[in-house]
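Just passing along the structure, written as C-alpha cells.
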Amino acid sequence: MDLQNQQRVKDAAEKFGAENVVVILGSSDAEGAEIYAETVANGDPTYAGPLAGVPLGLAVYHMFEPEIKEEVDPAVWEEQMGMMEMVLDPEALSQAVAKMREQCSKYTL
Amino acid sequence: MIAYGESLGGEEDRGQMDRGGIWRMSFFYEVVTNNPRLKHIAGCVYLEGCPLDVLAMLRDKVHDGYRLISHPLTGNIPPEKRLYLTVLLASFTSDDDFVDQESLNLIERALEIYERADRNHIDLDPSSIEDMQFLDEQLMMPVFYQYGILSNREVH
Amino acid sequence: MRLELHKVKIEDVQWGDATEVENNVLYINREEITDMLLEDDRFESVEVDLARPGERVRIVPVKDVIEPRCKIEGEGDVFPGFIGDVEGNVGRGKTLVLSGAAVVTCGKIVGFQEGIIDMSGPGADYTPFSKTNNVVLVFTPKEGIERHDYEAACRVAGLKVAHFLAVNAKGTSPDEVSLYELGEITKRPKELEGLPRVAYLYMLQSQGLLHDTYVYGVDAKRILPTLIHPNEVFDGAIVSGNCVSACDKNSTYVHQNNPVIEALYKRHGRDIDFVGCIITNENVTLEDKKRSSSYAVKLAKMLGVDGLIITEEGFGNPDTDLIMNCRKAERAGIKTVLITDEYAGRDGASQSLADAAPEANAVVSAGNANPTVQLPPMEKLIGFSESANVIAGGFSGSLKEDGSIEVELQAITGATNELGFTCFSAETR
Amino acid sequence: MAYRVVHYINQFFAGIGGEERADYPPELRDGVVGPGQALEAAFEKEATIVATVICGDGYFAEHMDEAINKIIEMLKEYKPDALVAGPAFNAGRYGMACGAICDAVGKRLGIPVVTAMYRENPAVEIYKKGIYIIEAADSARGMRDAIPKMARLVLKQLKGEVIGSPKEEGYIERGVRVNVFRDRIGAERAVDMLVKKLRGEEFVSEYPMPSFDRVPPAPAIKDIKKAKIAFVTSGGIVPKGNPNRIEASSATKFGEYSLAGLQDLTSETHETAHGGYDPTYANDDPDRVLPVDVARELEREGSFGSLHDKYYATVGNGTPVAYAKSFGEEIAKRLKNDNVDGVILTST
Amino acid sequence: MAKGKLVGKKLILLGERDGIPGPVMEACLKDSGADIVFSVTECFV
C-alpha cells in the first residue's frame, strides 16, 4: 500500500479509535486485497511503510462482502456495482479479505 | 614438414558441418610442441612457452584450416601439473576456407580448462620436469608411429 | 556362461610362518613373498608391509590395487595373458576370492601420477581401500631400468602376489558363494522376452604409458571395440596398467568387482535383459576416437540393444570419447546413462567436463575431484612420503612439516571412481 | 550471545521515498529499520540487527565503488558477524546493490552474507555464484516468505552448519557443484536411471549438461560486392527522443528505424536508450555503437553492395532471453523479406 | 435490507482504478449512516 495512505490510515485509527474505523477495499485481485487487509489489520507485510510492525487490528472488508452489500441501497448497488460484479471475481475477493480478517483483525462489524 | 600425397578418408562424425561422406585432398602433418625432447622431430614447430601458448598457436592454425589429429588434452594430467604439451595436426589444402568445427571446439574447451587452472604451484623440481617431458613424449609416441611421423627404429 | 565366486571373508591380515588363510585371517610369510618377487631382476628391492582398516597408516604412492583370486574349477586361470594362459576363456566354473583382502602396489614410476590411501582419518572416507586388509608391496627398481619395463614389472608383481595368496587359500570353505550366469545372446529364455535389452559399454583408458589397460594381456589401445562376457571381467580378463590420476583410475580390483556388471546382473530378468559388455578404448587421436565410438555403437546395434550404461576412465581427453559414444548411441536410437566424475574446480564453479552434448541427459556423477582435503599426519607411512608433493592433486608445499598433507581429492586412490563403485557424488547447489 | 547482524536496505524500504529520493547517499542507523523488524523477529533472539545501512538505489548504481567502500568502512565499527541485504524482489538496481554489497562484504570482511531476489532479477545471474540469494517473489508481497528463509540461512552459516540443497534452503541454485555422499553406489543409481529412461519414466540427471544454444554458422556470402548489409544493435541507438519508448532495461520491444539518406549519426539525430552503460560517448557520437558513417564510406568504396535502409535496435540490458529470442526471430523475418544478405550485430 | 451496521462508523475507502474506484464506493456508502474519513483510488502500473 502507498506509503502516504498507510500514514492516513494510521492517523485515522489514532484519531477516531481503532474500534470505530472500518476499512473497505476495492481491490481487483485477491492477492492484492489480502495484502491490503493484512496491512490495516496486522501491519505492513512489506515493512516499507509507516504501518510496518503496527498491528492496528482494524475491521476490514471487501466491497463485495455481504456485510457491506446489504448496507447499500439495491438500486444504487445495481447502478454502481452491477458491471463490476460481472468482471471481477467477488467470491475470491471476499474470501481473501475474510480470511485475513479472521486471522488478524481485532474488530469486526 | 612431412608432405603426404593423396588421402582418402571418411568423415565419421558429421555433427555440425556436412562436407560429404568422402573427401579427397592433399595434406601434411605438423607437430606443435613446447617439449624440448621432441624438438628433433622433422617438421616440428617448437615453441618456448607453456601449454597455453601451444593451445593458442593451435587455435590460430585451426582457423587457418588445420585439423587436430591428436586430442589437445593428452593424458590424464591435470593442467596445473603440466608443463609440456604436444599435439599433431594435419593441414588440408582445399579450395574452400574450411574451419573444422570439432577441432575448434576441442581447442576452445582445452583453453578454458588451462586458463582457469591454478598454475602457481607447478612443481619445478628438475626430476619432475624430466618426468613431465618424458610422459608427454611417451603419450605421443604411438601416435607418431601410427601416422608415420617416426618409425620405430628412430626411437629405440 | 556360468561362474561361481567362492568368497572367503578376510577379516584380518597378519604375519605368519606360512602364507595361508585360517579362521578368516590371512597370514603372510614375508620372505616367501619377497623372494618370489626378487626373482624378477628388474627390482633392486621389494618391501612387503601390512595395512589394516582403522590403523593410522598412509600408503603413498599407490599404483594399483588387486583382489586375491584364483581359479578352482574351469578353464585357465585368473589374469589371462599374465598369470593364466590365453588358451580357452576364463569366466566359467569356480573362482576363489579372498574378499576383504587386497594387494596394493607402490612405486615411483613417473612421479606425479600415483595415489594416496589413508587407512583412517578423513582421507579414509574417500577411498574404498581403507576398508580392505592390505598387503602392500613397495618396489625399488634397479638403477637405469627403463620406465616402461619398471611399470610392467610392478604390474605383473602385483598380479602374481594376488594370485599366490588365493592359491595358498585353496581348500578353505567359502563364507559365501555368488552365482553369475548369462546365456547365449541368440537363445534368450522366454522370461526375458519383452524386457528391454541392455548392454554395458565399458571404456578402458588406453592413452599410453601409465594410461594403459590390458585385455587378455593385449594392450587395449590396439583393439577395436569388442565383446566380452561379464564373467570374464570377474576373472581378471581386464587388468589395469595405468596410474592416471588416482581418484578416477580403475584399479584392477575395481575391474574384478565391476559394480556396473553387478548392478546389471541384479536387475537382469526383472527389469532388463542384460546381454553383455562391449569394451572400447580411449586413445589419443581423434581418428581413433571416432573409429572406436562408431564401432562400439555399431556392435550395440548388432546386439539389438535398447539401452547402454557407459562408463569412463579418467578425465579431459576421454570426456571426448564419452560424449562421442553417448551421442552416437542416442542418435542410433539407443538410450544411454553415463557415469563420470567431474573437474569443476576447487570452488565447484567451473565446467565439469571437457566436452558436452545435449544428448547426454542422463549422467551419474562420481563427484568433483578438485576440492581439497586435509590429511592429518599418520603414525606410519608405507612408501615414499615426499611423493605427496608431486602427485596429481597435490601441489608444492602439500606436505607440511608435521607430516600432514593438503591435497585435492584427485590424489586419493578411487575417490571418484567412474565405475560407480562408491556413494560419492556431486550435486548443483 | 546473539550474533551481530547488519541489514542493508534501500531508500524505499527505509521509508525515505521512492524514485525521487533514489540519490540518497549511504547512511547508517543503529538498530532496526523497515523490513529489519521482520528479520529481527525471524532470528528468534539467536541474532540481533545491530545496525541498518540505507542507500539510495540510484546513488549506489552511480557511485558503486565509492558506496561499497563507504559502507564497508561504516560496517567495520559495528564488528558485524554477518550481513543481510534486501530482499530486493524484482527491483533491478536494488538487486544489483544487494548483490554487490554482499559480494564485497563477503570477500573483504569474510563474514556470511545473504540476500533475496526474484529469480529473474538481472543481479541474480551476476551474483548467484558467489553468494546465497534466497528466491523471493517479484514484489514486496513476498516479504513474508523470504524473510524467515534469509534468517535461517544466515544463522546456519554463522553456526557453521552444513548448507543444504537449494530446494531445502530456498536459495537460488548457484550453479556450483558440491560433493555429497548419496545413499546408494553410482553403478546402482546408473542402472536405476537407465531402467527409468527406457520405460519413459521421469529421471533426474545428476549432472545437468551446460545449456547449448549453438547456432550453425550461415554459409559465407557469395559475392560481398553485391551484398545488401543491415545493422542490428542491442546497444539502444534510437532516433532522438526514443519514439518507441524502448525501456532502458528489460526491454519489451525493439524498434525499426530508417537509415535512408543518413550518412552519419550525430547527437542531434540519435541517442542511446540503454540504461546499462555510461551513455556519454554513445550520445556524443552514436556511430560509436552503430557505425553508419564507416558503413557508408565502405559502401561508396564498393567494399560491399549496399547498406540496408532500415536498422533495428533494442536494449540488451537485463532483457529476458525469451524476449530477445522473439525479437531476433521477428527481425530476421523482416530482414529476409527485404532480401538482406548479411547482418552486422553491434552491442555496447 | 440495511441493518445499519455501519452507522456511526468511520470509513476508509481504499479503491483501485482497475477494481472498484473510490468514488463508486462513496456513492454506494454515502447513505449508510457512516462517516467517510477519506477515500482514495490507487492505481498500479
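As written, the chains take the letters A, B, C, D and E, and residue 1 is the first residue of each chain.
Here, contacts are C-beta pairs under 8 Å (C-beta built on N, C-alpha and C of every residue); 3 or more make two chains touch, one makes a residue touch a chain.
Note that the structure is predicted; figures quoted are calculated from it, not measured.
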Next on the checklist: Spelling it out: a chain qualifies if it touches chain B and also touches chain E; which chains qualify?
Outcome noted: none
Checklist entry - If we look at chain B and chain D, which chains touch each of them? => result C
Item to check | Contact-graph separation of chain D and chain E, given in steps at minimum | outcome: 2
Checklist entry - Measuring from the mean of all protein Cα atoms shown, which chain centre lies nearest? => result D
Checklist outcome for this item: Set A-D beside A-E; more C-beta pairs touch across A-E
Next on the checklist: Between chain A and chain B, what distance separates the C-alpha centroids? Give it in angstrom.
Outcome noted: 74
Checklist outcome for this item: In whole angstrom, the CA-centroid distance of chain B from chain C equals 29
Item to check | Geometric centre distance via CA averages, chain D-chain C, whole Å | outcome: 46
Checklist entry - Among the residues of chain E, which ones contact at least 2 other chains? => result none
Item to check | Interface residues, chain B side, partner chain C - complex | outcome: 12-13, 15, 68-71, 73-78, 80-81, 88, 102-103, 105-106, 109-110, 112-113, 116, 118, 121-123, 125, 127-128, 131-132, 134-135, 138-143, 146-147
Checklist outcome for this item: Residue set of chain D touching chain A in the complex reads 12-13, 15, 34-38, 140-141, 143-144
Checklist entry - Okay, in this complex, where on chain D does chain C touch? => result 129, 163, 165-166, 173-191, 193-195, 197-199, 203, 205-210, 212
Item to check | chain C - residues contacting chain B, complex | outcome: 110-113, 147-148, 205, 207-211, 221, 244-245, 248-249, 284-287, 289-291, 294, 314-318, 320, 324, 327-328, 343, 345-346, 350-351, 354-355, 389-390, 392-393, 395-397, 408, 410
Next on the checklist: Help me check something: in the complex, which residues belonging to chain A touch chain D?
Outcome noted: 3, 31, 35, 45-50, 52-53
